[in-house]
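For reference, the structures are reproduced in the following blocks.
In what follows, subunit A forms one complex with subunit B and a second complex with subunit C.
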Partner chain A sequence: MSQLYSFLPMLLQGLVTTIQITVVAAVIATVVATVCGVIRYSGWWPLRAIVGIYIEIFRGTSCYVQLFWAFFVLPLLGVTLSPFAAAVVVIGLNVGSYGSEVVRGALKAVPRGQWEACVALNYSTWHKYRYVIVPQAMRLAIAPMANLMVDLLKITPLVSLVTISDLTYEAMVVRQQTGNSFATFLTILVVYFVLSSAIIAVFRRLEIHFSRGAETFATNKEAAAT
Partner chain B sequence: MTGKTNLSIKAVGGTGSSQVAEFPYRETRLAQSADKQVEFRSIEKRYGHHQVLSDLSLSIKRGEKLSLIGPSGSGKTTVLRILMTLETIQGGSIWIDGKPLWHEERNGQLVKASQQHLRRQRAKIGMVFQHFNLFPHMTALENISQPQRIVLGRPRVEADVQALELLDMVGLRERAHHYPAQLSGGQKQRVAIARALAMKPEIMLFDEITSALDPELVEEVLNVLREIGRTSDMTMLLVTHEMTFAKEFSDRVLFMDGGRIVEEGEPDQLFSAPTQDRTRSFLRKIIAAGQRI
Partner chain C sequence: MTFDFDFALQVLPDLVRGFAITIQATVGGSVLALALGLAFALANRSENRLLRVCSGSASEFLRRTPLLVQLFFIFYVLPDVGIVIPPIWAGILALGLHSSAYMSEVYRAGIEAVPKGQWEAALALNYHPVQTWRRVILPQAIPPMVPALGNYVVLMFKETALLAVITVPEAMNTARDIGNSTYQYTEPVTVVGILYLLISIPVVLALRFIERRVHQEAA
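And then the complex of A and B:
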């Protein structure tokens, strides 16, 4: 165990890398999911077709292969990405492709009357999405998005394929040097669990924030009582 | 007929291209007399093969209170929805203050209206829906105040003051900070009316606004309508099943059936001495269902 202490800085280094990749890829995935989800729902048809092709490609092939493409094949086509850039772009686009379907479904679930009220009140397209549709879709999209973000965290160990030393990779190194499989893997098991719990906690807070006014038994009872 | 002096109208909407109504533009503008605020000209509306409105023409005077009655599926709600631009039309044209709603003039032709044109024209019209359509994530106050801020560009304080005044008028000032889910149906509908009024429309459309309410809540909403009718000179179009109210409230009543206007007249005449068989049989059914007319 004491032996493991001396390797703690390595594991910490890996943890920082894992967190960096998770956060940056999650931001990319969220932006991609939102933009592509809106286009898939209501966009001009050529854009909708392009986004559809992107989604099918990224959902239909494995993240493992996509990483190889981004890092080893794209340079042959004249596009060179740093390992970090390749990792976050591929993971972001991969999770974003699933996310855009979540966003599309959430938009579709906003009742038709809400869209019609926006027309009757003469909202511009931007204001309609910004103030009425997206806030309501958010509430519906947050729980499935939380799952996707936990998945995102759990595919980050793939980045070691493109020479990045993340938490899992560092753990493998430590295990080889100390021979202590049990302690090493127990450590990262706990660390990943804590990280995903943190992601879920963040999304839980978001869900509460976006549930303002949501119909509940309690509020109805309160209204009936007053 | 030269292309310079005459403009032709193209049908709006994808499927109706075979139906191109043509008439001289100048003449139409002159024909639009000053007291006609809204005019429907030979409107055709279809959903697929189902004809909802056929060759419907109708003009509405400024300040007129017009009720549309008729059996469900008669097309009366569709009249309101195409005026609010919630539905496209396949033929004909609609004119508001002498300007086309679904068309605009470009290079000597009336072509399908752009979004900007629709938004300009839409600003004159407000609508209250059967199912309220309040924004559930905003309080009553925000529901009324936000559209004023972002669509009309009013400052927050002014919009909030206006919203509170309107809430006062509909008797819900103390509910200002309640969310729609915390309000009863009648209260929601009164907030929705206040929200539409806050946008200062010249024409208000009320689409079966009491149909989704429990019977004991209908009257509180109708009272708000009475108050508006008494204090404002807005043009008001009402689709309703409340015959007593339609009789008392409107200047003119239109009976629709099968996508056409079967009969129209002053409420006293239409309700007590209808001239058409279909109107008579409809009113008989209404009375049989227990409504007093």
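And then the complex of A and C:
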């Protein structure tokens, strides 16, 4: 165990990479989920179909296969991305495809009367979303989004298989050098557990923040569940 | 660069053989996850506080840590403590453990959805707890869970690709091997992706169909 301490800087470096990938991929996933979710909910049909195909491809195949494809096939097609860029784009698109369904579900759960009220009040599209729809949909989307972000963190170890030295990659190196599989893997399991718990805690706070002043929160949540 | 169809056809039989192992691992992992998930769900409802806390934190830990690291843990640590099992079994164990934590939540929701009157009726008829669960609660709780449990099986099916890293010769591993020996990654990896879609899309459609049926019956 004491042997492991001398390898701590390596693991910390890996941890930084893991956090960087998680944050950048999370931003990409959120943007993709929002845009695709809105298109899926209310889009011009050819656009809706294209987004639908993207979602089915990313949800129907393994993330490992997607990552491998981005690493070995894209360069042959003439698209050369750095390992980091390829990793965050693939993970972002993968989680974004699941997230778009969350966004679509949340928009669908906003009662019809709210949409009609915006028309009645002659709101512009921007005002409609900014002041009426988004504040209500946001509350419903946060809890499932928290789960997706934990899932995102949990697929980042895949990048260790395509040459990125994240936490898992460094752990494999430490394991080979110390021969202590148990302590090494237990350490990073605990680190991942703490990171996941932190994500969940942040989203709980966000949920409380966005639910402020919402009397119909419970009933809306039930509507989203069905 | 072009896609070499002849080469893709040539490697297809090997990849399909790899998929047979992918499916074996999925089935094995699912059986384990379905059983363990139910065990977790029942333990979470137990009257014994210690059992409740243990199973609750174990399933929470499994849910909040990455499958790949769990897989490495099982694959590298078990032999250290003298338990030597074939890689495929280590894979099935990791897949089953990871999914069981998610499935226990599905079971929990399903069990909670059984009306309270059913419990009271079982009590009124002086049913033994085992009889209550087996004859009254579970038969009503499980059918509505099928779509949700099925979704987790599909998710596991995609995650089996990870077993490639612990030397299980499943589809992804086969594709990597072909790529390593021929320097042609495009065809094998693309074919594996398409095979995944060919299996997962019909299953997902079937699950949606079942889901609609279940909702219709409930309505």
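In this section, the second predicted complex is superposed on the first by the 215 of 226 C-alpha atoms of A that agree within 3 Å, B and C clash if a C-alpha of one lies under 4 Å from a C-alpha of the other, contacts with A are read in each partner's own complex, and residues count from 1 in each chain.
What we mean here is this: a contact is a pair of C-beta atoms (placed from the backbone, for glycine too) under 8 Å apart; a residue touches a chain by one contact, two chains touch by 3 or more.
Worth saying up front: this structure is predicted, and the values here are computed from it rather than measured.
Looking at A:L11, would you say it contacts subunit B, subunit C, both, or neither? Reply first, second, both or neither.
So A:L11 meets neither subunit B nor subunit C here.
Determine, under the contact definition given at the top, whether A:P157 touches first (subunit B), second (subunit C), both, or neither.
A:P157 sits against subunit C, while subunit B stays out of touch.
Tell me the contact category for A:V134 with respect to subunit B and subunit C: first, second, both or neither.
The answer is neither, since A:V134 touches no partner chain.
Between subunit B and subunit C, which one contacts more residues of subunit A in the superposed model?
C
Is A:G213 touching anything from subunit B or subunit C once the two structures are fitted on A? First, second, both or neither.
In the superposition, A:G213 touches subunit B alone.
Return first, second, both or neither, reflecting whether A:E116 touches subunit B, subunit C, both chains, or no partner chain.
first
Where on subunit B does subunit A make contact in their complex?
So the residues of subunit B touching subunit A come out as 84-86, 119, 122-123, 125-127, 129, 131-139, 146-147, 150-151, 178-184, 195-196, 199.
Inside the complex, what are the residues of subunit A that reach subunit C?
The contact residues of subunit A facing subunit C are 56-57, 59-66, 68-69, 72-73, 76-78, 150, 153-158, 160-161, 168, 171-172, 175, 181-182, 185-186, 188-189, 192-193, 196-197, 200.
Hey, which residues of subunit A end up touching subunit B in the complex?
111, 113-114, 116-117, 119-124, 127, 131-132, 135-136, 139, 210, 212-216, 219-220, 222-223
Considering the complex alone, what residue numbers of subunit C touch subunit A?
1, 61, 63-70, 72-73, 76-77, 80, 158-162, 164-165, 172, 175-176, 179, 185-186, 189-190, 192-193, 196-197, 200-201, 204
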